[in-house]
Amino acid sequence: MNLNLQWTWFHRLGSPRWFYQKTQRWLPWLSLVMSVLLVTGLVWGLAFAPPDAKQGNSFRIIYVHVPASVVALAGYYIMAIAGAVGLIWRIKLAYMLMRSAAPIGAALTFIALVTGAIWGKPTWGAYWEWDARITSMLILLFLYLGVMALRHTYSSNEAADKASAILGLVGMVNVPIIYKSVDWWQTLHQPATIKFTGAPSMHPDMFMPLVVMILGFYLFYTVSLILFARAEILRREYRASWVKQLVTDNSAEK
Amino acid sequence: MAATNILKVENLAFERNDAVLFEPVSFHLSSGEALHIEGANGAGKTTFFQLMIDMLQPSAGRVYFRGQAFSECRYDYLCDILFIGHQSGVKAALSVEENLRWMSPDNTSSEQIASALQAVGLDHYAAIPCYRLSAGQHRRVALARLMTTDATLWYLDEPFAALDKQGIDFIEGCMQQHLSRGGAIVFSSHQDLVKIVARSYKLNPFREVI
Amino acid sequence: MYFESIQQLIYMDGHGVYVWSAFCISIVVMVGLIVKPLYQKKQELKNIRLHIRLQEVNREAIRQEDSNASNP
Amino acid sequence: MYNFLSGGFTAYLYRDLLLSIRNKSDLVKPLIFFLLVAALVPLAIAPEAERLAELAPGIIWILAVLATLLSVEHLFSDDLNDGCLEQMLISPNMLILPILGKITAHWLVIGLPLTLLSPVIGLWFSLPSVALIPMILSLAIGTAVLSLIGAVGAALTLPRQGGVLLALLVMPLYMPVLIFGSATIQSAVDGLDWTAPLAMLAAFLAIAIALCPLAINAGLRLAKNG
């Protein structure tokens, strides 16, 4: 008996309406905490942290490059897991979250690539450097674009979701393999130059803003994911009665 | 119950991009019975057949095969059905005989293959690769499977489409034989049949309740 | 504050242009990631209102047909 | 077609080999592409032997990837178009073995000839003879992995075969195979131990054989409502 009790909780969690109403209340708080974290991290990293001994001030780009790469990679796993949940338990909300997570991940990967390239100029003298981390980021961007582009081969929403979920899972299995083989390829060709993720060895004054920025980016990812998911819910559930009711109240109070 | 109940369907519905094609479908089928699915073009007959052969997953409703829920007896169900749809499933590069052998169960003897080809009038073409044959002949190769199959439940989507008089007689003969042996048939077609007495089930389009 | 003055903060002894350009691009993209869904949601709401109005028009039309069908 | 489980593999392997042999043009296209583009490289870059020898491992592997990508596209699309896929999906058996049968047939028809043809390109690029065996071994294993991963892409883009979309889907997944494949030949050329990267390729093959058919099976079932 308790099995289906547990299931109803699980499926109630999966109902778009529940998600829409709950996030209505969470959004203001989340965005407040997010902006506080991002602003303090930014000001701290840009103005107060001491420059790196070797790289000078250009190292401050780490405060946006590393958080973006970390969250972009985590975002791929979040997207793939949402797809898997949708595929296994057929929860529509999971598919909506997967579909919303793709563009955010791709944008964050793009930020990581651009900031990495700009950081490369003062450190290595060239905008593009086939460093292991940057190359893996580039491949991750292609993975994201693949998942987003696959949607257009299917006319029905359900099939497009399933196909993207499958590709997400295949990608999830491959991401660690890609990262490890790129690292191995890196050591094969050049000795390890300046490591990008030299986070722990850094001076605490430099390291703390990085932690704050990473937390800020995770919150930013959550807020953006919720916003995209809410738009997606309205797009897909436009026939549902609760949506119509919501719209009439909305226009009433305007 | 004299006739064993082969198939039972309870308010089967399918949704694609929130568009529902037909009202929920419910019927039951016993051995020796044929069910004629009627419905205007585009009423979702082909989608209905895709649902019945588990190519598409229904958004609601349940299917029972020999009293067992579909999810428990999927293997036996798929072992025991034959589906002939719009596409012939014939490989152009293979010869007629190879194609029929590929589409027939493992243990069909070559005499059975030869007599099936003879019945559809393709016995002279046995060794000829199919890319030299017409679409109508491709269809006849697919229909020759009616003679070699051992499945008890047949799903025929518009079997009589674009067939001459002789072709229609052949199929009705096969269907009659199959019914007399205790098989069941679900088919859709625009011609009404002479020899077969079949219950009809109308797929009425879904009226959006506003 | 590590830097003595705002000018130094902007100049960052030579590396300022890289640091600030990297941060500006990131901020632009992140703001985009917030604004786009909000704009999309507004569009969806407009579509839904349109859909509701369309349905009402259909319902009106059907009621018209029924009424003049019942008393010709 | 409802043959027993082990029949699924050999039946589809035999049928697909028969089909490939019957229409030879699909058979020859990737091989011609492989040789043709290889012949372009010296014209485009430099005819000197040592320059080419330096590029050889990478070029050979990039050509193998592109040739496989070119040919894997209509692995399932012919079956979809003539209705064979529908009958295949209705068969009660799990689709793993038929899929593996089809991919093995594709490898025998495309991957193996590429591998046996690669010494010609080794000759053109004056690849040192010590690297010949590693090249053949790495291509033999590598092209099998390429076929398997390519088949996943082909199954997912079945309703609308766009060459670019298949490439976009599959290329990131080809990267590790490309890295370790060319590294095998490169380390052989440099006189290092080339068995380590080869072992990685074999590991990729093991993973691909285990996981790819699952993704392909799920992908094929979607093709109908594409």
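Chains: A, B, C and D, in written order; residue numbering restarts at 1 for each.
What we mean here is this: contacts are C-beta pairs under 8 Å (C-beta built on N, C-alpha and C of every residue); 3 or more make two chains touch, one makes a residue touch a chain.
Predicted model only: the values in this text are computed from it and were never measured.
Listed here as common contacts of chain B and chain C: A. Ranked by distance of CA centroids from chain A, the top chain is B.
Distance between chain C and chain D, defined via averaged C-alpha coordinates, is recorded as 44 Å. Taking the mean of the C-alpha atoms as each chain's centre, chain A and chain B sit 48 Å apart. Between chain A and chain C the centroid-to-centroid distance comes to 19 Å (mean Cα coordinates, whole Å). The mean-CA centres of chain A and chain D are about 32 angstrom from one another, to the nearest whole unit. Residue positions of chain B touching 2 or more other chains: 16. Shared interface positions of chain A, i.e. residues touching 2 or more other chains, are given as 155-156, 158, 239. Against chain A, in their complex, chain C makes its touches with residues 1-3, 9, 12-16, 18-19, 21-23, 25-26, 29-30, 32-34, 36-38, 40-41, 44-45, 47-49, 51-52. Those residues of chain A whose C-beta lies close enough to touch chain B in the complex are 155-158, 236, 239. Partner chain A is touched in their complex by these residues of chain D: 152, 156-160, 162, 165, 168-169, 171-173, 175-176, 179-180, 183, 200, 204, 207, 211, 215, 218-219, 222, 225-226. Put simply, chain A touches chain C in their complex at residues 42, 46-51, 56-58, 60-61, 64-65, 68, 100, 103-104, 107, 110-111, 114-115, 118-119, 121-122, 220, 223-224, 227-228, 230-231, 234-235, 238-239, 243-244, 247-248, 250-251.
Taken in their complex, chain A has these residues touching chain D: 87, 139-140, 142-143, 145-146, 149-150, 152-156, 158-159, 162-163, 166-167, 169-171, 173-174, 177-178, 181-182, 184-185, 188.
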